Every structure is written in C-alpha cells, then in structure tokens.
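Mind looking over this structure? Questions follow.
Labels run A, B, C and D following the written order; every chain starts at residue 1.
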Amino acid sequence: MKTGKEYIESIRAMNFELYIDGGKINNVCDHPHVRPAIDAVAETYDFAFKPDLEEHVITRSNLTGDTISRFQHIPQSTDDLIRKVSITRYANRYLGICSFRCAQNIFGPLLHITHKIDKDKGTHYHDNALNWIKMMQKEDLLGCPAITDPKGDRRLQASKQPDPDMYLRVVDKNKEGITLRGAKLCQTGAVFSHEKFVMPCTTHRAGDEAYTVICAVPGNEKGIINISNRQSQDDRRTEGAEIDLGNIKYGFHESICIFDDVFVPWERVFMCGEVEYLDEFNNMFGACHRPTTGGCKSGWADVLVAATEMIAYGNGLAKVSHVRDKITDMIALTETMYSCGVAAAAQGTKLPGGFAYLPDPVLANNAKYYISKAVFDLIRLAEDVTGGILCCCPGEKELKNPEIAPYLERFMKGIDGVPAEYRIRMVRLIENLSWGLGSILHSAAHGGGSGQACKMLLYEFSQATPLREEARKSARRLCGIPV
Amino acid sequence: MKTGKEYIESIRAMNFELYIDGGKINNVCDHPHVRPAIDAVAETYDFAFKPDLEEHVITRSNLTGDTISRFQHIPQSTDDLIRKVSITRYANRYLGICSFRCAQNIFGPLLHITHKIDKDKGTHYHDNALNWIKMMQKEDLLGCPAITDPKGDRRLQASKQPDPDMYLRVVDKNKEGITLRGAKLCQTGAVFSHEKFVMPCTTHRAGDEAYTVICAVPGNEKGIINISNRQSQDDRRTEGAEIDLGNIKYGFHESICIFDDVFVPWERVFMCGEVEYLDEFNNMFGACHRPTTGGCKSGWADVLVAATEMIAYGNGLAKVSHVRDKITDMIALTETMYSCGVAAAAQGTKLPGGFAYLPDPVLANNAKYYISKAVFDLIRLAEDVTGGILCCCPGEKELKNPEIAPYLERFMKGIDGVPAEYRIRMVRLIENLSWGLGSILHSAAHGGGSGQACKMLLYEFSQATPLREEARKSARRLCGIPV
Amino acid sequence: MKTGKEYIESIRAMNFELYIDGGKINNVCDHPHVRPAIDAVAETYDFAFKPDLEEHVITRSNLTGDTISRFQHIPQSTDDLIRKVSITRYANRYLGICSFRCAQNIFGPLLHITHKIDKDKGTHYHDNALNWIKMMQKEDLLGCPAITDPKGDRRLQASKQPDPDMYLRVVDKNKEGITLRGAKLCQTGAVFSHEKFVMPCTTHRAGDEAYTVICAVPGNEKGIINISNRQSQDDRRTEGAEIDLGNIKYGFHESICIFDDVFVPWERVFMCGEVEYLDEFNNMFGACHRPTTGGCKSGWADVLVAATEMIAYGNGLAKVSHVRDKITDMIALTETMYSCGVAAAAQGTKLPGGFAYLPDPVLANNAKYYISKAVFDLIRLAEDVTGGILCCCPGEKELKNPEIAPYLERFMKGIDGVPAEYRIRMVRLIENLSWGLGSILHSAAHGGGSGQACKMLLYEFSQATPLREEARKSARRLCGIPV
Amino acid sequence: MKTGKEYIESIRAMNFELYIDGGKINNVCDHPHVRPAIDAVAETYDFAFKPDLEEHVITRSNLTGDTISRFQHIPQSTDDLIRKVSITRYANRYLGICSFRCAQNIFGPLLHITHKIDKDKGTHYHDNALNWIKMMQKEDLLGCPAITDPKGDRRLQASKQPDPDMYLRVVDKNKEGITLRGAKLCQTGAVFSHEKFVMPCTTHRAGDEAYTVICAVPGNEKGIINISNRQSQDDRRTEGAEIDLGNIKYGFHESICIFDDVFVPWERVFMCGEVEYLDEFNNMFGACHRPTTGGCKSGWADVLVAATEMIAYGNGLAKVSHVRDKITDMIALTETMYSCGVAAAAQGTKLPGGFAYLPDPVLANNAKYYISKAVFDLIRLAEDVTGGILCCCPGEKELKNPEIAPYLERFMKGIDGVPAEYRIRMVRLIENLSWGLGSILHSAAHGGGSGQACKMLLYEFSQATPLREEARKSARRLCGIPV
C-alpha cells in the first residue's frame, strides 16, 4: 500500500498536462487549484497507516490474498459493503470534501459482466479485467471513472447524433488494440488519478456498437487532453489565501477530458461492441456505487452540522429551541442519507458468479434519489442557523489590514471566548461546504447519477422484485378481488 | 408453536371482558369490531407453519434451545435484527394492517436492565424476567405493551399531578406482590393478548418511585377493565358488511385499560421503584422497537402502492408520466422508511451483558421520526392518483340495490376489463389504509413513540456518539481553529 | 333574499328523491346523513340577515339593481373578487365544513362565452343565461355544478369510449329542447340544491359535439336519479349521536347523479355542440372558481388551528416551543393558502365583454395546486400536536355508560379546568376536520379540479403571459446572448 | 427625477471611501466589484423615463404633489401597495439581481411613529421626518437602511453586552445633535446610496435608551468607515471577465459600516431614546418591507425559470415530462412567493393617522417566511434540470484559448442551433442566480429579516387578529363546548 507521500510522488512522476488559466501546465502537484485535492487523496492513502483505522481500512484481497486497502477491495459480504459506506463517511468527515475513492465500485460488476460475455462469446475480457484489478490492488492505484459523455441532443441515440463524437467511440480497431475518440466531462480528479476507467454513460442501443466500449487507460496516455473546469470560489485558491478558503486543508478539482485518438491495447479492453450487455453492467455499477453516496454525503454533513452548531454556540444561541430543532433536523437528514446507504449494503446479495457482493439495487437507487433532494434542506437549515454573516463577511485581506482590523475584531465577534477570527473561519467553512468549491450540493445533485436517473431505475428495479407482485396479490385478496 | 386456530381458542378461553357499544361483552372473538383483528394475529401464528416462510419465521431460542417463532426471539446478531424488520414488512404486506407482533422487542432490554439492577441492588428481577420470557416463548403467547399513561397535566411529573393516578402506580406492596392502580391508554390488541407488559411511558424522576413499575400481568387479570375505543370507520364493521370494509379480511382494535387495583405477584415484577434505571430501559426499548416501524410501515405501504397502481391501471392511466412519477415517489418513501429500519438493525451492537443485540439508537429514533412524516406524503400521493372516487363512491348497500345496481355497474367502471365492483373494492382498500380503521397514518404518527419524542432522543443519542466530537474536531481543523 | 328557514322549506317542497341505505327516500330534510349539510347551507342564507355581516354579504346586483347576497353576485371589481374569497373563509370558519356556495363562480364565464357564441353563430344562449342568472339572484337559489363525468377509459375521448354514456351527452334534440343521458359524479349538495348547472368536466374535441352541452336543470327534474355516496364516518350520523360527530352542528353530503333521459327546454340551454368554445369556458370557470378554494380551505384551517391550540392547552403544552412552532407552521400554511386565493383575486381583470371580473388564471390555478398539497401538512401537524388520543378515544356510548363513565372522566382529562368531555369533543372535531365526513383533505385533493389538472393549467397559462417572454429575453440579455 | 446617468454622477461626486482588497479606495464607481451594482441601480432610475413603464413607475407624491418615482412613494391605497410588489418583480426580472430600491418602505411607518411620539412627548420628530422624506422624493435619492447590529452575545440585551458598542448607540448628545458609535453589518449598497437610514435591528428594552435611535445620515458622512464584504464568486469580477460572470450587466455589493463617532444634527433625528415606541415601528416597517420580497424574489425567479427552460431546450429535453413537471413546480414556487406578497398588499389598511397604507402584517410576515424556504426548492429544481454542466464547465479563459477552443465548441454544445458558448453563458447565469454573487438564496434567507424572525412575528400578529378568537369560538360551538 502507498503512503500519501508516495501517492503524491507517483502523480508528480506522471507529468499530467492540464489546460488551465488560459494556458497549459504539467506540474499539477504545485498548482493551487489542484494541489489541495491531491492532498485530500493523499490523506486517504495515509489512513491505511493509522493504527486506530486499521480495522476499518485494511483487509485482505480475495484475488491475491494480499493485504490491501478497502478502497481497492471487492466486497465479499454484506459486512464489506457496509464497511465501504462507513469508511467513506469517515473519510468525508475527516476531509470535509470529496474523498475521491469510489472507483473500486467498478471491480465487482466488471468481473461479473466480462465473465458473462466471455462465456457467451468466447472473448477474453475477464482475464483482462482480473489482471487490471490485481494491478490496481497491488500498486494501490487511484482510478478515475470516465463516464459522462457530452451527449449533444439528448433525444438522439449515440449513432444518430449530428456530430458522431458526442459519445466516446472506437474509431479504429486493429490487432494491437483500439483507438478512442470523443470526450468525457465531469472528470473528478482526472489529473491526479493513475488510471482512467472508461465506460458509457448510458445504455446504448443496437447501432451504437462503436460507442459500446469499456476499458482502462493510464491517466496520462498520449492523446488525452485535460481542460480544467471553473467552479464556484476556485478563484480564492490563490497564493497565500487561507481563511477565505473555508477548508484550508483540502480541495477539489474537476476537468474535461478530450480523447483525441487515444490508443488502448486489447489487454486493457473489457467490452467492445457487445451492446446487449451494457444495460446490466451500467445498472450493476450504479447499484454498487450509489450506497457510497450515503456514506460520503453523511460524512460531509457531519462537518456541516458540527460547524453550524459551533456558530450557534458562538452567537449564544446553542440552547435556543428553534436552533436545537433545526440542528436536529440536520442530523435527521444526515442519518437518513446514511441509513439509505447502509440498508442498500445490508440487503446486498452475492452475484450469481460469486465475484462480488452487490448492494440491493432498489435501495441503492433510492439512496441517491433521497440524497439528491436532502442536501438542499441541509444547506437551507445551515444557512438559517448561521445567519446573515454567511454572506456578509469581509475577506481575509480586510481582516489583515491593520487600519481596520481592530474594528473587525470587535464587531465580528460573538460571545466572549469566541474571537471574531474563529467565527469567520467557521463561516467560511460553512460557505465552502454549502455552495463553495466541491460543495455537497453539486456532488449530491448529479455526482454518481442524477436524482432523476436513480428515480427511474428505482421504479424499474422495484417493479422487478417479487415484493411488488406479492403486494398486488395481497391488495386484491384483502379487498376481495380474485387473485 | 401455536397455530392460528390454537391462538384463537386460547383467547376465547380467557373470556376477556370489554366495554363496548354502551354495554359489556365477554365474547370478543365473536364481536365484529374485534374478530378481524384476532384473525390478523392468527394469520401471523400460521406463518410459522408455511414451508416457504420457514427461513424467515422460525429460529432457535438462545434461552431454551427450542424452535420458536421469530416473533418471540431475542436477537442474537444484526442478522436477527434485520430479519425482524423484514418479517414485519412481510406481515404487514400480507395483512394490510398492524401485525400486532412487536412485544418481544421488550425481551432484550428487560434481561439487560434486570441483570443490572440485581447486580447493584441484590434484587431478583432477572430470574423473574427470564422465567417470564421463557414462558412467552414456550407457550407462544401474545404480549401487549401497556405503556401510555393518561398523563394529565404534561407539565407536571407523576407525583405532582393533582390526581395521583394519572400515571399508573403501585398503591400497595406486600410479601406476595404489588397492587397497581391507574390506567393505560392506546392499548392495541389488549383484549386478545395473553399477557400485558406494564411499563412507564416516560422517564420518572426522584419522588416518582411508586410510579416506577415494570411487570407482566395476564391480560384478563382481576381488576382490569377494558373499554373499547371508537375509531374511524369502525361502524362499518357491522353484520354482513364486506366491500365497504376495504380490508375484508383483517381488522384492528384498540382499547383503554383501567387498572382498578390489580394484584401482581413478585415473580412477575421486573422493576419496582428503581427510578434511576428507568431512563436506560425506556431508551433501550425505544431503540429496539422503532426499527420495527420501518418494517411495518413499509409493508403497509407496499399494499397502498399496489392498490394505487391498480386504480391507475383501471383508469387507463398506468403509463401516464405524472402518475408513474407519483407511484415512484410512493415507492421511494416506502423504501426509505424500510432503509431507516434496516440500517438501525444493521448497525446494531451486542449489549454489554450479552443478552441481546440492540439496534443503533440514533438510527432507530431517526427511523421513527422520518416515518412519522413520510406517511402523510404517501397518502397524499395515493389520494392524488386515485382521484375523486376516493371520497365519492356509493356504499355496498346501494351497489346491491337492484333498482340502481345496473347504473352503478356502468358508471363506476374504468377501462374495459376492470368491472365497477373491482374498482370500488380497491378504492375502499385505499380508503381503509389511508385514514380508515387502523390506518397507517395514525400508527405512524404516535404508535411506538411520537415523532417528536424520537426527534428529541435522536438529538440526545446523536450528541453522545464519538462521531459528533470527531466532526467538531474535524470542522475546527479544516478551517484552522486550534482543535 | 331567503332566510335559512325559507331555504329549508323550499328544499323540502322539492321532494328530492335519494337512494340511500339500500332503499329510496324523498324526505332528505329529515335524514340524519343529509340534514346537517342542509343546516350548513341554511346558516349561510342567514348570514345575509346578520347586521355585522351586512358589509361582507350584501351587495347590489349589476344585472337587476336588486339587493342580493354576494353568494349570487357577479364580481364587478377586484374588490368583489377579494370579498368572495374573504366571505368564503368566514363561512367555512363559521361552519367548520364546506359552505356549498360557489356555484355563482359560473355566472361571469357563462355570460362571456354565451355572448361570444351568439355573436359568432347567431344563437340565443346569452339571453338564456342572463334570464337564468337573474332568476337565481331574484329567488336566491342554490346551484349545484354538475361537472364530473364517469370518464371510463381516461385515454379515450368521449365519443371513442366503448360505452357512449361515460360522458354526459345529448341523445335527442327537438324544437322544445334537448334530452340528456349519462351521469355526473361527486355531486356535492345535489339533493338540496335548487338548480343543477350541467357542464362538461373536460375539454371535448371535434367529434364530441353531442357531449358538449351546458345547461341548467331543476334539481328534482324527472329522470334524475340521486344515489348517496358512503363517506368516512357518515355512519356516526345516527339517531341521537352527538359527541362522536365532531362537528355536532353541520354536515356534508355527496351523491352520484344519473341522468336517465332528462329533458331540458331550450331556454335553459347555454351551449350545445359548439365544441370550439369549451376550452375557453372551462378554463375561465376554473380561474373563477379556484381562488375561492383559498378562502374555504383557510376558513376550515382556522378551525383546525384553533382546535389544535385548545388541545395543546388542555394538555398543558400550549407554551412548549415545539408545539408553538408547529401551530405557527399550521398558521403559515393557512395564510399561504389564503394569500394564493386573495392574490389571484387582486390581480383579476375585467373580461373583454365587461360581463365580470376574472381572477388571474395563473395565480388561480397556482392556488389550487398549492392547496392540494398543503392540507396534508396541516393535518400532519394537527395530529402531531393532538397526540395519540386522536385515534385512541372511547365513543360517546362508553362515556355515557354509568359503570365506566367515572373512570373516563378521570383518565381522559387533561389539566385542571379542562374536563375529559371537553377534550374528547375537541378531539372528535379534529378527527372530523382531518379525515372525517367532508374533511378538508378530500375537498382539497380533488374538489374544484385536481392538483394535477391545476398544475397543468398553471403551466399553460403561465407560458401565455408576456412575463415569460420578457424573462426569457432578460435571461439572454443578462448573460450576453443576442435577444 | 434623476436619470441613471445623473444618479451615477451624484454618487461619484460623493467620493465614498471603501476598504477593499486590503486597501482603501474612493472611486467606487470605477471598481469592478462595485460598478455593476451601481449600474443595476442606475437602470432602475432609467425606468422612470421609459414610456411603456410610465404607468408602473411614475406617480404623484401625496406630500408635495410632485411627479415622483414609485420607488420614492408612500402608498396611499392597496393599489399603491400592490404596484410596489409588481414593479419590484419587474425590476428584478429585468436586472436578474437585487434592485436596491426598498428604502421607501420606511417612509410610512416613520411618519406614523414620529407623529405619535410628538403627540405624546411634545418632540419634533415628525417634521424632521417629513422634511427628510420630501428631500428624498425631490432629489430622488437612494436610501440604504442601516439596521443589522453586530449583536455579540444574542442572549443579552444591548446595554448588558460586555462590549457596549455591539449595538449602535448614542455616545453624545448636545444642542446641535447626537453622536453615533458602533457598526451596522449587511449594508447592501451602502457605498452607492445617498442616504443611510439608521434604525435598531431589534426591539430594545428599558435600559437600552442609548441604543434606541432612528435617524438619517448622508452616506459619506465623516466617521463612517465602509469595509467591503467578500462574497461568493466576487473574484470573478476582474478586469475583462465576461462570460464567467453569469450576469454580465449587473452586480451586487455589500459592506460593513463602522460608525466611528458620527455626528447627526437634530433635524435628521427621528427617535432618540423613546424605547417604548420601537416595537411598533420595527414591526410596522417589517410589515411594509416584507411584501416587497414577494416581488423581488419572484422577479429573480422569473429569470431562473427562463434560463432553466432554455438549458432544457438546448439539451433537447424541453418537452420531456419530468422536465416540464419540474419547470412547472418552479413556476408554482415563483407565483406562490408573488401571491404572498400581493395578498399582504391587497389586504393592507390605512394607518390610523392616515399617513400611509400598511400591508397586512400577518400576511407580510408569512410571505417572507414562505420565501425563506421556497428559494432552496427553486435552486434545487434548477440544478436538477440544468444537469452536471452547472458545476463542470471550463472558464472563459479556456474557451478563448485557441489550442482547445475548437474542442470546447464541439463538446460543450447541445442540440443543433444552440452553440456551446450560449449554453455556457446560460449555465453561468444560473450559477450566478443560484449561489453566485448576490444570489436569490442569501437574499431570501436573511435579507429583510430572517425566516425565523418572520415566523415568530407571524405567530404574534396572528394571535392578535379577531379571526383567531372567532375561530376558537367556532371550534367550541361546533363541538358542543359552551363558548
């Protein structure tokens, strides 16, 4: 397992190129917009070396028998599934921001689907997948799912788009491998992830075979062009800034990735054209991934609740009933998000082929749907309790201007014992968590599948369970209609 | 284990007395207001003999080694806890109404607290509890928690009430036992439960020792006076009624129980005056009980969803997008209620003394709080989709009046293939589930502790978890305040 | 203007026939299920003779110059529109139930559309309408809108239904008049209304001309068959019942009306086949009608808030912060419902022809949509504050049984000064208002158009306002896209 | 009346000093953080000269008979009150941001309370007020309410704070005038407003006389120290930025104002120490001010709805049912906010002394309470429909980098006809409206009084209306309790 330091060095060694600020850089580890996110990831690597976290973070690989991080583990039980949710809650509570460690949710579904295709079609995807996963575990690599296509006109399937590259596609295939062209958006952590896991963002249909490609690509592969996104308050991440960052330790970074004819050798290809298997894989990955949201959002929310409580304390309002009531509602939202994730894990089942445990897909999609709405209530309550200071607070340059600093120290203060600077630091943290860089809001709204996508899958999976039919029969029997 | 038939005979043999309809009866098994509830319970007894339910309903007692029903079992693992939630969902889905089988949630906390008191005080409550529980398991008896006191002026503690009997109390104590006076309200199933489990509904304080009593009393003990409640639509439960009942198979019954100097021998007493242990017991029982709500309410909701879907189908609207959308929201509410229950179970821990597994108290209270609000959204959506027919539908006497029946057959019909009578039966079921006799609404609002009580406990338990302190430290560290 | 007594006598004289309890009656004024609703209407007639209400209830007819009740008035200003909302709030607050006085919302749109058709087609509907309205005003008659058709398969237009009578239609036309066949459901107050106002419940399309009929029919016309609905808790309305009724003074009655070839002379016909005018009329009527909902639901809610407050007081909880908070949220919901109605009225405009003032159709439909959801929050909060007693309360027969009455007097009591009987009476009122006979819930869900119907109209009308286009241009201009 | 240009010149002439960016400036009209806000105000001045707005913007002063802007007018009718709400909706729809023109909501209450004090105490405040208001109208000046005190320990009243200046106070009084010391926070538009209107942010109590001061101060008075706040995304307002601003035309600016011994002559003082009148004034001002929120938030929301619709169109999703549904829910929230404001205005009444019309205080406070929650639903729905691009979008520097621009033009594009740049501009506008600089969120949460403050006033005012007592009597009468 890598330490945080080794992780950073391995990223530095990869020399990622990134278009940002109107130019191009290749030292992402030193850029103030990127480094704090790298530090967040490094912290999660260091978890593995903290004795008190050992039970939660370390496990044994079912593939190699090696000691590995749970962030690389394929769940072999519901306990494994639940622990994944819990460690993610821990990580986000520790970091106050995205922990970037969900890519392993792909491993189980990948082994399953490649095995199935190989059996049906005589392909060799499964061994490719197995080898790649073993490498990920052995070298303790960070993966970045490359899923979201530009999509162009959402009414049209991939092969019918006016621009044929609006979904990533295979433009060339030869004995050695395949060539990819197109783009992937919403690439969280792409410029500090060792590996890209490329998969379609939707269920392609017949005719879309060229678009049906799942494979792994080194993050700095030739032909990959990374373009930085501009997000809320990233401008504050300038030289010397601190207080105004809110989260002074960790950050977030997202980019767009252009695939300008990227070559992928066959041993890194896991699906190529088998359009009829895509739906199952996508849905299975969704089911694996979405319970994690229950962990990450509740961990994030833990920090928001704590910060809001401390602001209330600093205002002298900690024991006021409506404040207490709102804090409790924030806790209720947090624990319900977590419950949705844990329940999906606890009701997980072994995949037919036995490669992994899969969370319950109904509960998994329900979790993400619930969460996509709940976070807006969370930030509403946080803003309510925090008060007007949340958007009426001078920046740190003013705080440090000696001409006016004494005024601000007096007038931004709360109760005795809570200095103005502490109040302001906490306010900036709440601001950051709520709608700042890498906020809970945006991660919950669309990260890991939109609420609407999950709602539709919730319906579909729900209709497929025996429970629905049972309930229909019960309803008929109870009211006297022949079953 | 008893069959349903044996259960009914055992109840008949107990000759419960009940004040109802302005008079007194002692044949509850034949009264149209009570019998359908007895039939519901009987059905749950029969579960144990259905081969396909064996895995879900049958287990082995950790106390006696006997094969027992899970409805009598003390959970020995998180798996046991989760199965309790699941079997309750099944039961309520099967019955479309309360399944009356939660009393065993008391067993674990009871063994725990009696052991603790005995150790501290040299009392002999634990053996009493053990013997009583073994009897419950061996004879497969139905228990009825007797919790809710009249409470009078809610601002005053028990011993300060103008009327000293507003909380049940011990008015006499002698070598043989104790004498109880007072009343317990909201007695669900009291007149068809073998045993009453008497416990305080609140945490009494110093001075309230006489009110601090936990014991078991045979349901038909001398001095017990049962008075029937009048609930929504119970009037429809008259001779020969069917369609208008909605649920034509099962019912619900609740009463008030006066304790007019009821004697309880010491071997049935589990706490008597040890006021300082009450808070722990109450909260532990709440934590055991409330996840069950996630099961029962979701089972109920399964039927409501199914019925609503069938009405939509009968109207030709099954595939209309806003209808589909609302059905999906009903499913989401259902699965979130269930998730809250399952998660509390999955995060359960072994009690210090090892007597039982206890669900996570934060998540347990959160479950009930969530549910107390969610059901109102459920019935809103059901009413929305069902349409005006939900309150504009002739009764069965009109349906059977030959002069007008042909009109009703024509004009109450939906699409071809769905006769008027079927639509009406389904509408009556939705009416019953929503706000009829024993509806999900009322059970969710106050059954098993009000939403508000759970909200307050959610806050308290939450503050006590290491997680809160961890989050506070994290917030300070992240924004740069010395931890 | 009629007094309440005169109103009742006039209804008695009409000898309405009603199928109910499996038989047929013609003395509705003496039937315990119907009379309390008649009493409610009578009360609204008496409003006109109360000096302190004069300003609110009495006005001058713009058609005849006569002094008339506002319940018969065609609004001639936004002030008239607002007063309609306010007097309805008053009426429902006074009655605690539907006040049955909305039919005049038809008058304005009727005069408008008949004038338009006459102008285009040379018909004589306008004079028919004018004469009928003058009669309504002069004789102070109660009208009952007959709108809701059975609808059968909702996917099919009227003329394509397998059963041609699933929408009311004209089966014969001759020199004297037309003959109607079909049914109208959800007929609130039909058996004690002097006049039926028949109109389609949907916008018919080409081919549906036979279904496009608007006319007035005396409530007791030959061929009309009234069949009583069975609603929640109507069974309690038996001889001698009182406390358990909740609302001991007033009631509600709804029925189904079969039109078994009802003849209507031409002078009572206002539209017959002019399908292209129907949409405008329907939408205009909706816009007139829906603000009234803001009045009636808030009046109803006023009583629910007051009753809930008194229960809290009786429990000693009036000043507890979470109770105060919930009561305030109930008030907020109430005032928002009212605001939606008042705003639609205040933004009303004069109809092109000048026949009446029309509320703003966007705000009118928004009002009903908001209300259709808000009432469920209202009853949730009421149930929360009221407590378990809301469904755990013995009936009045038990209260009056001398053997047990003393127990109930003690144990159903709250604080000193609030006797058990008062608490129970108030609880029964809350039960009645919430989900009892004629509850706010059902009236809000589907009365006056379902929430969904209003939502769709809200969208349509909203798109048609200049404001939308203005906002689109503004958005483009603000972000730098050529307008 | 001033033109926009004249307004800007008048501000430039005042040489406001502002601490910002770690230094001090006195050319606010040229600073990129301030100028866009000044441009927004200037636009509202120009409204008065647009012929098509004349009816909505121009009126006659009841004080001077002069033609004045409605933004300076004291409402003399409910029509005036409603027009104030409507013109504010227009202004915010036009600007997509705060329109800064609410200060005149103070005029009516000020004339009322000063008249009352003078009558009771023989003071001369009323003439002072009258003269100041006439000057405001005549010179068409912009006022900035200076209300929010630092408040320190919220549990303590002003005179008991450890630091005596935590609420603004009078530190000296002499024949010529008074001297103010302290601070006012949340000063929206302070550095481009001609006049500050100083008033307490809370109801002071006996002992707080020194804190009870209402007066007017020229915005650039000696002793005033303005310190700029740092708000979300204000960093983007740098030289040359355009697309990333979202709103490329108008902006927002807020600051903190220190009163470092500011002298105010008596003729500008309207209350000084008369603590017993403060509650009435504060509440009256709240009632005048809060309906305006219904206008400004709905105007803002109009732009958000339009932008969200256009994004959906650009994605090819304009007609998808769930998108249509969400847009409609956004419209419903918008129109309900507006309705709450309009209704408070429509139900307004003439002040006893006749100085102005006052909106209904129950409905006014309800409006702000509703709005403080509704905006979070609005931005949730906007983010849902907009999709992941809302936080995954490259900045304009990348868009303009010729090396990668062609990629972005292809891959950020939606349907044919909607170029990438247009999509991105619209996304940036939504970002700005939602949580960017001067967003609707923050304005709704705490601007014009927090939701909680309004909720408490809603309760208080509501209890004082005859309606509540009427409803209580009605409830008792209806259920048979002697009234």
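By definition in this document, contacts are C-beta pairs under 8 Å (C-beta built on N, C-alpha and C of every residue); 3 or more make two chains touch, one makes a residue touch a chain.
No experiment lies behind these values; they were computed from the predicted model shown.
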- Between chain B and chain D, the fewest touch steps amount to 1
- Task: Could you tell me which chains are in contact with chain A and with chain B alike?
- Result: C, D
- Message: Shared numbers divided by all numbers used: is that above or below half for chain C and chain D, i.e. same or different?
- Response: same
- Where the centres are mean C-alpha positions, what is the separation of chain A from chain C, in Å? 51
- Message: As a quick test, compute the distance in whole Å between the mean CA positions of chain C and chain D.
- Response: 39
- Distance between chain centroids, defined by C-alpha means - chain A, chain D (Å): 38
- Would you please write down the residue numbers of chain D that are in contact with two or more other chains? 322, 325
- Residue ranges of chain C in contact with chain B within the complex: 19-24, 148, 150-156, 162-163, 165-166, 182-183, 185-186, 225, 227-233, 235-236, 244, 254, 256, 258, 260, 315-317, 322, 372-373, 376-377, 379-380, 383-384, 387-398, 400-401, 403-404, 407-408, 410-416, 431, 434-436, 441-442, 445-447, 450-452
- chain C residues within the chain A interface of the complex: 321-322, 325
- Message: So in the complex, the part of chain C that touches chain D is made up of which residues?
- Response: 78, 82, 93-96, 242-243, 246-250, 302-303, 305-307, 309-310, 324-325, 327-329, 331-332, 335-336, 338-347, 362-363, 366-367, 369-370, 422, 425-426, 428-429, 455-456, 458-459, 462, 467-468, 470-472, 474-481
